[in-house]
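Both complexes below contain chain A, partnered by chain B and then by chain C.
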Partner chain A sequence: MLDVRGLHISYGGVRAVQGVSLEVSTGEIVSIIGPNGAGKTSILNAIAGIRPPDRGEILLDGRAIGGLPAHAVVARGVMQVPEGRLIFGTLSVEENLRVGAHQRGGFILRSRDRSGLRRLFPALADKLDRPAASLSGGEAQMLALARGLESEPRLLLLDEPSLGLSPKLTEEVFELIRRLRDRGLTVLLVEQNVRQTLALADRGYVLESGRITLHGAAAELLSDERLVSSYLGVSVGAPSHRVPNR
Partner chain B sequence: MIDFIQNTVDGVMFGSSYALLAIGFTIVFGVMRRINLAFGASIMLGAYVGTWLHVHYQVPVLVVALTTIAGTVLAGIYIERLCFHAVRRDAALASMVSSFVIWMQLEEASIHLLPERTYAFPGLFAAGAYELGPFLFRAEQTTMLVVAAVMVGVLHLLLHRTRFGVALRAISENPLAAAYMGINAAWVVLCAFALVSMVGGIAGYAILATDEQITPFFGLWATFKGLIAMMLGGMGSLPGAIVGGLLLGVVEANALWYLGTEYRDLSAFLLLFAMLVLRPGGLMGQRILGREELAFRRV
Partner chain C sequence: MDDYVITVLSNIGMISFIALSAYLLLLTGEISFGQQAYFGLGAYAAGAVTAMLLLPIWAGILVGACLAGLVAMVVGALTLRLSGLYFSISTLAFAEMVRLILLIVHVQVEVEGEMVGPAGAEGFHGIRWMFERDLSLVQFMLLIYGLLALVLIVLLLMERSRLGSVFRMLGSDDLLAEMQGVDTVRYRILAAGVAGVIAGIGGALYAHFTTYVEPQFFNVMLGVHALAYGLIGGLGTAFGPLIGVAIDVGFLEAVRFIQGYRMIVFGGLVAVLLVFMPRGLLDEERVHWLRTLFARRSHARSQRR
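For the complex of A and B:
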């Protein structure tokens, strides 16, 4: 479904992503894992049209979408749930969902059947009229996910959905992603939470300083000695160049 | 006491037009974090085109009203394209300076249309007044209050019950998040400019019809009144714009009555000065300022 080739991204001369290629097939959960500053968000932002890449191709179902503005990418069925949630605190929970559904529906907002929401996000369904700023961190992440799903995407880009969540809430979020995949959604998941992410994903890419250093089936990566030593801190003798530079 | 109440009633009525002008500034500020200095001049251009048609071709009053509104909307779109769309988002100062330049340009265009002097401006119906107990109400001013109330109601519905309105509020809070959601901000902002220009055009027509005349100072006047009313209420706040406009109207009306004509504008500046010292965020601006800081921390 998604095919990224030779992506280069820089910020005012500072190279953040250097020749990244990756693929996501329909129905898969693919994860990108890597330390802070590796360039994970930059890759997602390039795909979503938030910031065009310097070089490289981004193909969605074989058609180039690289360089298209974000609203055109959303129109093609790609939705990003941004890092740090970025929910609209001054809008109500319901209005946040409306913003997610911005590209669907008519000019006048009509009342919506929220039974689907109640099934996936029971905690939100009772708080539709509350200002989103009043939600807890876990609820806010759920709202960010629910809001993204409102666009009925085919491909969901998730940027560190477990950021700042307790292990229990993280487990809930990951369970939700699994349920979404089972309903046919394709997911590109960016995470730092290596073990849980690889347990969930079908395939994974390891990103370090803007380059893919390792990729393969998630189960294989999970048993990979090098990865485990550098990220899970199991081995004492981790090579120094693998220590996150920030 | 009766005088004071009468003044307050007059002030509320006239202040409702300030409220509409302030809404024009506040919506643009809310969504762009910029001040559109050319707003008053865009209304003036619309009104001048209407007056010009009336002077030269004796078009019906309704045409003058519609031309004023349409002319303001076109000028508003012109301003958006030139000062706000073309100029990069983070170049706040550049777009403010360029909107100042467009202000001059639009005034120049108006004065070319009709040489510099005062012209009669036609109202939709003959001026009149009616009495209720000890109080006197002018028909045009009452109309203005009704028009303003209707406009505020329509705007409220638009901002809360339509896709466009919710998108506009989303952009106002966090443009980056709005971009992630697939909102085409350029388009929404252009529509917002057209919308506030329509509000401005309607307010402008109502004000001029009440005054029964138009002078080359109208652009400056409208920009001043709208800006002061917005600052009083709190920048970016819609309820603030309404409260600020009414407050300005009431203070001016009382100053006019108790102190004399020359104190009308002076009282407005004094009021603004007092507000900036005592409550710099304006009456309802505190929350908005807090949100602004929040947005900076996030991005």
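For the complex of A and C:
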């Protein structure tokens, strides 16, 4: 479905992404993992049309979308749920959701939407008329996800959905992503939370300093020694005897 | 009602247009110091239509509103890439440009043996449509409030619609709005145009109420006040800026003992409000609270029945 070839992105001379190629097939959860500043968000922004790449091709179903304005990319069924900047605080929860609904030509939430919302996001369903600014961090993350889904995208770009969430909420969000994939959604997921992400994803790309250093089936990556020693070892907690004494 | 009260009320009504105009742009997150330009353009254009072309006032208002809206859309398109301070300064620069051009525009025609039309710094005299038809002040006030009600209803409906959500999205986070599939360019220009039309209507009425306009009236203080009204009254609903106007023109004008100190009181009021209520008296939270309050009341009433 999505085919990225030779992507180069730089910010004022600093090269953030250097020749990244990746593929996402329909119905897959593909994750990009890597440390802070590796260029993960830059790749998502390039795909979503927020920032055109310096070089490289971005193909959606074989047609180039690189360089299109963001709203045109959204119209082709690609929805990004960005990191940090999540919701429109001055709008009510329902208005935030309607924003998503508008993308597929509606404005009012259909009863199907409401029942889906109640099932997937029970915490939000009771707060539809509240200003979105009054939501907690976890609820805001849920709202951003729900709004992204409301547009019925074909490809969902998720940027650090676990950011700022408790482990329990993170698990809920990941479980939700899994259920959505089972219903046919394709997901490109960017995360720092390596172990949980690889447990969820079908395939993974490891990004370091703007280059892909490893890729493969998520299960393989999880058991890959290079990844474990260089990156996972630090991130998910190595065996206790390897932790230096303080 | 004596003429003084009617004049104050009419002023509140006319200034409300420019307040609503600035409010609409505040919703989209743009601080314009230049809405007085569209108020002025509306005033001059409408005056020209009725006093020079001798057409009826509705034609004047229509032409004034359309001209202001069109110019506003052009300026909106030119300033599209600017945000924050840069946008504000460019709107101010444009408004000053309009004012300075009006200072040198000298186009007069002879109407019944008299020269009528914009005469540079001396202003545009003889916009006497209202007096020629023996309209009373009260009748004209009703015209003002009729049109104001119309604009207000349109704005309130808009706020409940998708368009209103989109405008608030632009103000909340325009990049995120773009990510949601909103063509932000189109909606920014649309907002600028609608705001221009609203200011233009106000200007058209103003020209006919005072019978003469001069460029000096459309200076930056008018634009600053227009902005302040929304910020005082609140950005949660279109009633907010009207409350702001009522407080300034109504209350401060009426309370004679602070005459001369009015600007000091006004400035202090704005400063205090911005510190404690950055989105004004009727911000989104309070509007929500009022709505649930009303909903509960009417719900309780229908239960009792």
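Operating definition for what follows: the second predicted complex is superposed on the first by the 223 of 246 C-alpha atoms of A that agree within 3 Å, B and C clash if a C-alpha of one lies under 4 Å from a C-alpha of the other, contacts with A are read in each partner's own complex, and residues count from 1 in each chain.
Note that in this section contacts are C-beta pairs under 8 Å (C-beta built on N, C-alpha and C of every residue); 3 or more make two chains touch, one makes a residue touch a chain.
Everything numeric in this text was worked out from a predicted model, so none of it was measured.
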item	value
When chain B and chain C are modelled together on chain A, clash or fit	clash
Which superposed partner A:R178 touches (first chain B, second chain C, both, neither)	neither
Partner chain(s) touched by A:R195 [first = chain B, second = chain C, both, neither]	neither
Touched partner set for A:P69, first chain B, second chain C, both or neither	both
Partner chain in contact with A:D129 - chain B first, chain C second, else both or neither	second
Partner chain(s) touched by A:R118 [first = chain B, second = chain C, both, neither]	neither
Partner chain(s) touched by A:P82 [first = chain B, second = chain C, both, neither]	both
Footprint overlap on chain A, comparing chain B with chain C	48, 50, 69-71, 74-75, 79-80, 82, 86, 88-91, 95, 98-100, 102-103, 107, 147, 151
Chain A to chain B touching residues, read off their complex	48, 50, 69-71, 73-75, 79-80, 82, 84, 86-91, 95, 98-100, 102-103, 105-109, 147, 151
In the complex, chain A residues that touch chain C	48, 50, 69-71, 74-75, 79-80, 82, 85-86, 88-92, 95, 98-100, 102-103, 107, 129-131, 133-134, 147, 151
Chain B - residues contacting chain A, complex	161-164, 166-167, 169-170, 173-174, 176-184, 291, 294, 298
Contact footprint of chain A on chain C as seen in their complex	161-162, 165-166, 168-169, 171-173, 175-184, 235, 279, 284-285, 288, 291-292
